[in-house]
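Before anything else, here is the set of structures, which you'll find just below.
Next come two complexes built around chain A: one with chain B, the other with chain C.
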Partner chain A sequence: MTDIGNVALWITFFVALWASVVGFLAGRTHRPELARSAERSIFVMWGLLVIAAVALMRALLTHDFNVEYVAAYTSRNLPVFYTWSAFYAGQKGSLLLWALVVSTFGSVALLVNRGKYRELTPYVAGTIAIVVVFFVATMVFASNPFERLGFTPPDGRGLNPQLQNPGMVFHPPMLYLGYTSISVPFAFAVAALLSGRLDTGWLHAIRRWTLVSWLFLSCGIVLGMWWAYVELGWGGYWAWDPVENASFLPWLTMTAFLHSVMIQEKRGMLKKWNIGLVVLSFLLSIFGTFLTRSGVISSVHSFSQSNVGWFFLVFLVLAAVLGFGLLAWRWPMLQAEVKLESLVSREGSFLFNNLILIVIAFSVFWGTLFPVISEALRGTKVTVGPPFFNLVNVPLGLMLLLLTGIGPLIAWRRASPENLRRQFLWPVTALLVTAASLAAIRMSDWWSVVAYALGAFVVGTVVQEFVRGTLARHRLHGEMYPLAFVRLVGRNRRRYGGYVVHLGMVMLFAAFAGLAFKRETEVTLKPGQSVDVKSPYGWTYHITHQGVSQYEQLNRYVTAATVDVLRNGKYIGTMRSEKRQHLDSLGRPTFEPSTAVAIHSDAREDLYVVFAGAVQGTEEAVYRITINPLVWWVWYGGLVLALGGLITLWPGGQGPTAASRRRAEPAGYVAQVA
Partner chain B sequence: MRARTKFIIGGALVVGTVGYLMASGIKETGVYYLTPTELATKISTDHSFYNVGIKMGARVVKGSITRDVATQTITFRATDGTHTYPVIYHGLAPDTFTDEVDVVVEGRLQPDGTFRATTLLAKCGSRYEAVPRPNGQGTMPAT
Partner chain C sequence: MWRRSPSLLLALACGVTAALAAQAPNADSAAISNAIRTRPGDSLGRLAVPEAAGRPAEVVTARDNEELVKAIEHKIRCTCGCNLDVFTCRTTDFTCSTSPAMHRMVLARLGSGMTEAQVLASFQQQYGEMIFMAPPRHGFNWVAYLMPYVGLAVGLGLVGAVARRWFRATPKAAPTAPGAAADASPEELERLKRELERFEA
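== the complex of A and B ==
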């Protein structure tokens, strides 16, 4: 079966080569039979990659340890659930998954746009094929998942215990889906540039794709945070690690694009910028993979160095030259149709939103690569860590939050003083009241006060938009309030979905600001001994060590330490944190011990207990106890974000097309609602 | 003034501020990332390196780890093959910390030649990419 997979990969390689040549040829010559051939080749590629994926899956599930990849990442006693996830635990399988997903998205893009954008689709097929050529070439020439060993080990090495976590089953595919789906907008951008069809048509085709990509990436990032928090046991969810930063970079540029694309749709401005952002997002997604795979930057997450890094680097350079080269070539065709009339306008606020997102991306990029940059410039490696990223990004993030509140309130083109007064009254009141209340209760961290006040401002904006929209529908159509509300959202999904996303962002910011009040202590306790930990809310946790027990469970040997927890004298629960020594099928220890954290969570704060080890042979235990305020809001903020994205994406109900909206665009929300 | 000009001025302000923040951030929080050999060379020419925060990437010498659970102190020797420094670390070690793994310690070199670490990161690349050895066992090296 793996031979079939291997052959499928090779055929994919040649089919993809053919599709890329014939796609570009079809685009130039407008010969329909060539275009059909390119399109069919994409579908064939997809079928072949499905066969390859099934072959690898089968090898994993049947424990074919003669296959190097299977032996390296699974073992007989690995639960089936995680045997699945071993598909992308290593580099080779990840590459296969990546190629499969790119071809899937490519096929879907060609299917849903059948008969539309006839001048673009051959180029789209060609570009997608090039991306697949790259991934498949990397596999067959450097990192083949079907490579066999010269012998058959009786058992595999097993999966890293840290990857045996539900978060790790869903987090990587989500990120991959986000990374790869940006290939479609990139392909459309290349197609638009090559064909010279640079009207807003191509934007339509890719806006939703970018949103899909953004949504997957957002979910992937939040799931990654969740995994880091519950599994790694260091007490946080974001460490500004290079691999985390790498996933954050394309998210920033895509977020920028999703906003600036509205300016192009409504006002015909920023054409070059938008294409630039699409190209940049694609490059950053490849860069993210490169960073994870190449070992250029050392990271706790990164896979060890391999020559695959060179494949990525070459591809990155080629894609950059292609994307930006085409952009430079078509520069004269991408002139803005109108000029910016006033900075106090929707466009103005979006311009600053884009500027800040890009500046954040730049600072994160610079900080992440600083070891490499400083070594090249000064000969010494200098690294920067969380203090650097926080110093730069906290003020920038707050400015962005401010703009999140301002943007929806200001009219397009030019806001009148009347418009400003009417729109800003309530949100600004919310801001001031929040700031005053927090000052009154003496919140000690000023950055947090600013964050919560701005958060209230954004919530005020969003609530006002929903309320006024519902009231307007009620007045104009005589609908009951609940119906008016549902129809309001249903008929303007993009707009109100966007607002829901903003609410999710406020929840995330609130959670991040809460980190200023994190408390951490390390204690050594004998059974029966206890420790008091003060919460930033003022109450006290009384934590009593109950003892240490040891037992075997599934594929591991567990040492568990238990504590009873009282909050202000009231029992709230018993928490058990574990040290796990994973075993292979012969019962021998494998991998280093891992930690299972005990977390007691509510909307206000998490009590996070890590059992660090027992004093030799006794039940005296070392604990690290962390109080993490508002972590709950990260996960629920992520959910709200995803919900908003889904509302925006849901098909139908998009109302008038962008083109017709652009023709007549009176300021104010009632006109849009009606 | 035209809106475009205003935007350029506003943008320049934002970019300028961030540029300043980045420069000062790197200056204040940047940490030298050195191997033991590089550290030895630096310190022999410039004694001010005793006062600078340093990240040192090295490998744990086999059998050199001693742990005092009661005081949560870990000592070990870190080497790059040429130079070796004794390291003292207070706190919890990551799960992956064990003999012969690559570690990154952050802290200061003391005038007595010991490295006092405030953070300890252990990296175990082989966990992800090791190849089963053809000795019939096909499992990881014994730990």
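== the complex of A and C ==
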């Protein structure tokens, strides 16, 4: 089966090459038989990659340790749940997953748009095929998941214990789905540029795709934060690690695109900008992979260094030249249909919102690469860590939060003073009341005060929009309030889903601001000894060390330290933090011992207890105790964000707007729009 | 071969007992801990397999928790390659022997009467600028801090220039009649807004 997988990869390589050549030829010559061939080749490519993926999965599940990848990432006693995640735990498997997901999305895009966008689809097929050619070539020439060893070891090395966490089962695939699904909007953008069909029609084809990408990226990032928080044990969820940054960059540009595309759909403006954002998002998704594979920047997420980094660099440069070269070529055809009438308008606020998002993306990109730049220009190595990113990005983030509140309040085209007064009254009141209240209770961190006040402003904006819309429906149609609310959202899913996303963002900002009040301490306790830790809310945690126990569990040997916790004298629970020494099937230790954190969480704060180790092999334990305010809001903010994205994505609603359809008409798209 | 070791089996038995005890209601666990305290000889049991608990830990002193020590250690990077600051690494990566050594250096230097600035300077002298978690704000490093805001300024300039060009190209719209909106009821305004949006959108 493994050999079949290997052969399937090689055939995929040639089929994808064929599809790319034929796809572009079909687009250029308008020959339908070539277009059909390109389309079918994409489906064949997908089938072959499924065969390769099944072959690798079978090798993993049957412990075929003669396959180097299987021996490197699994062991006989690895739970099946994690054997599944070993598929993408290493570089070779993740490349196969990437190729499979790109071809899946490509096939779905072609199926969904069958019979529509006839001038675009051959180019779309060709572009998707080129992306697959790249990934498959990287595998067959440099990093083959089916590579065999010269011998068969009795057991594999096993999966890194830090990856044996449910978060790692879902977080990487979500990010891969996010990264790879950007290939579809990119392919449509390239197709629109090559074919010259540059009206809003191609935007209709990719609207849902961009949302899907954004949603997967959002979920992937939040799940990654959750994994880092519960598994790594350092007491935080975001470390501005280069690879975290790499996932954040396309998310920022996609978020900018989701806003600016509305201006193009409604007003026929920002066409160049939108194509530029789609190209940039695709390039940044490849850039993230380049960072993890090249070893150019040191990161805890990096795969072992290999020549695969060069493949990614070359592909990145070629894709940038192709994308931006085509954009430059079609520049004259991308003129705005109308002009901006006033900066005090919805369009104006979206412009500023895009500007801030891109500046944040630039600052993250710049900070990530600055060590390389400094070393190249000055020969001096520097570290760019969280203090830099927080210093630079906190003011920019707060500006973005302000614009999140302002945008929905301003009318399209031009806002009148009366409109502004009426719209801003309650949100600004919420802002001022919050700021005054926090100042009155002497909140010490001014950045946090500003963040909470602006959060209140955004919540005021969103609530006002929901309340006014519901009241208007109630008065106009005589509907009951709950029904009016449901219909309001149901009939304007894009708009109100977007507002729900804004609420999720406020929850995330509230959580980030809470970090200013984090408290951490280390303590050594003998069994029966206690320590008191003060919370920023004023109460006291009384933590008593109960003892340390050792036992074998699944594929590991566990050393568990247990504490009883009282808050202001009231028992709130027993918490257990562990050291886990993983064992192979022969009972031999593998990897260094890892840590399992004990977390007591509620909406106000997390008590985060880490068993740091035993003193001289006794039950005397060292604990790191951290109080993390408002972490709960990160996870639930992420959920609200995803919910908002789902509402926006949900089929039905109004579909492309009337103005957007009118704009598509001259290009001949209208009859094809679903 | 841990699985075959008798000591491991013993530890397993003790561990299961202890784990069950830890899962018991609070009253029970309190009773267990009280029992341990009443028997001083047993109060500090030894682990059956100490190496399974990771790197041997050192007793934490009050100095380890001093805010000044934490502040310094949050500013310097552990050189083990983990990308974490010294405080976070030594309290998180329990396989790292570099960050505890750097922690001892911080304590020793503070103990010798150095100020925070002098301790940081001594680390810079020893390891270079890369020892800091963020580039020190001098010379070329200012480029790192200022570029995002230069980018913002350039972006604002571009938006301003493009907007000015657009405004010049657009004939002035008739001003909105003052009070026209104020005469409408909220539901009429809402309806108008939505009709306009439907039309425009």
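Here, the second predicted complex is superposed on the first by the 656 of 674 C-alpha atoms of A that agree within 3 Å, B and C clash if a C-alpha of one lies under 4 Å from a C-alpha of the other, contacts with A are read in each partner's own complex, and residues count from 1 in each chain.
As a convention for this text, a contact is a pair of C-beta atoms (placed from the backbone, for glycine too) under 8 Å apart; a residue touches a chain by one contact, two chains touch by 3 or more.
Everything numeric here is computed off the predicted structure, so don't read it as measured data.
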Just chain B (first), just chain C (second), both, or neither: which does A:T521 touch?
-> second
Mind working out whether A:F65 is in touch with chain B, chain C, both or neither, as first, second, both or neither?
-> first
May I ask you to decide whether A:D564 touches chain B, chain C, both, or neither, giving the answer as first, second, both or neither?
-> second
For A:G150, select first, second, both or neither according to whether it touches chain B, chain C, the two together, or no partner.
-> first
First (chain B), second (chain C), both or neither: which does A:T590 touch?
-> first
For A:D241, decide between first (touching chain B), second (touching chain C), both and neither.
-> second
Between chain B (first) and chain C (second), which does A:E231 come into contact with in this model arrangement: first, second, both, or neither?
-> neither
Could you look at A:L396 and tell me whether it touches chain B, chain C, both or neither (first, second, both, neither)?
-> both
Quick one: classify A:E465 as touching chain B (first), chain C (second), both or neither.
-> neither
For chain A, which residues belong to both interfaces, chain B and chain C?
-> 233-234, 298, 300, 339-341, 343, 348, 351-352, 355-356, 359, 363, 366-367, 370-371, 374, 380-385, 387-388, 391-392, 396, 522, 524, 588-589, 592-593, 595, 610, 612-616, 620, 622, 624
Given the complex, residues on chain A that touch chain C span 232-236, 239, 241, 265-266, 298-300, 336, 339-341, 343, 348, 351-352, 355-356, 358-360, 362-363, 366-367, 370-371, 374, 377-378, 380-388, 391-392, 396, 411-414, 416, 418-419, 422, 468-469, 471-472, 475-476, 520-524, 526-528, 544, 546-552, 557-560, 562, 564, 571, 574, 576, 579, 581, 583, 586-589, 592-593, 595, 610, 612-622, 624, 657-660
Can you name the residues of chain A that touch chain B in the complex?
-> 65, 68, 71-72, 89-91, 149-151, 153-158, 160, 233-234, 295, 298, 300, 302-306, 339-343, 345, 348, 351-352, 355-356, 359, 363, 366-367, 370-371, 374, 380-385, 387-388, 391-392, 395-396, 399, 522, 524, 584, 588-595, 610, 612-616, 620, 622, 624
Chain A-touching residues of chain C, taken from the complex the two chains share = 1-4, 8, 11-12, 14-19, 21-23, 26, 29-30, 32-34, 36-37, 43-60, 64-65, 70, 74-75, 77, 81-85, 88, 91-92, 94-95, 128-135, 140-141, 144-145, 147-148, 151-152, 155-156, 159, 162-163, 166-167, 169-170, 173, 176, 178-179, 181-182, 186-187, 189-191, 193-194, 196-201
Chain B residues touching chain A - in the complex, by the definition given at the top | 3-4, 6-7, 10-11, 14-15, 17-18, 21-22, 24-26, 28-34, 38, 55, 57, 69-70, 72, 91-92, 94-98, 104, 121, 123-132, 134, 136-140, 143
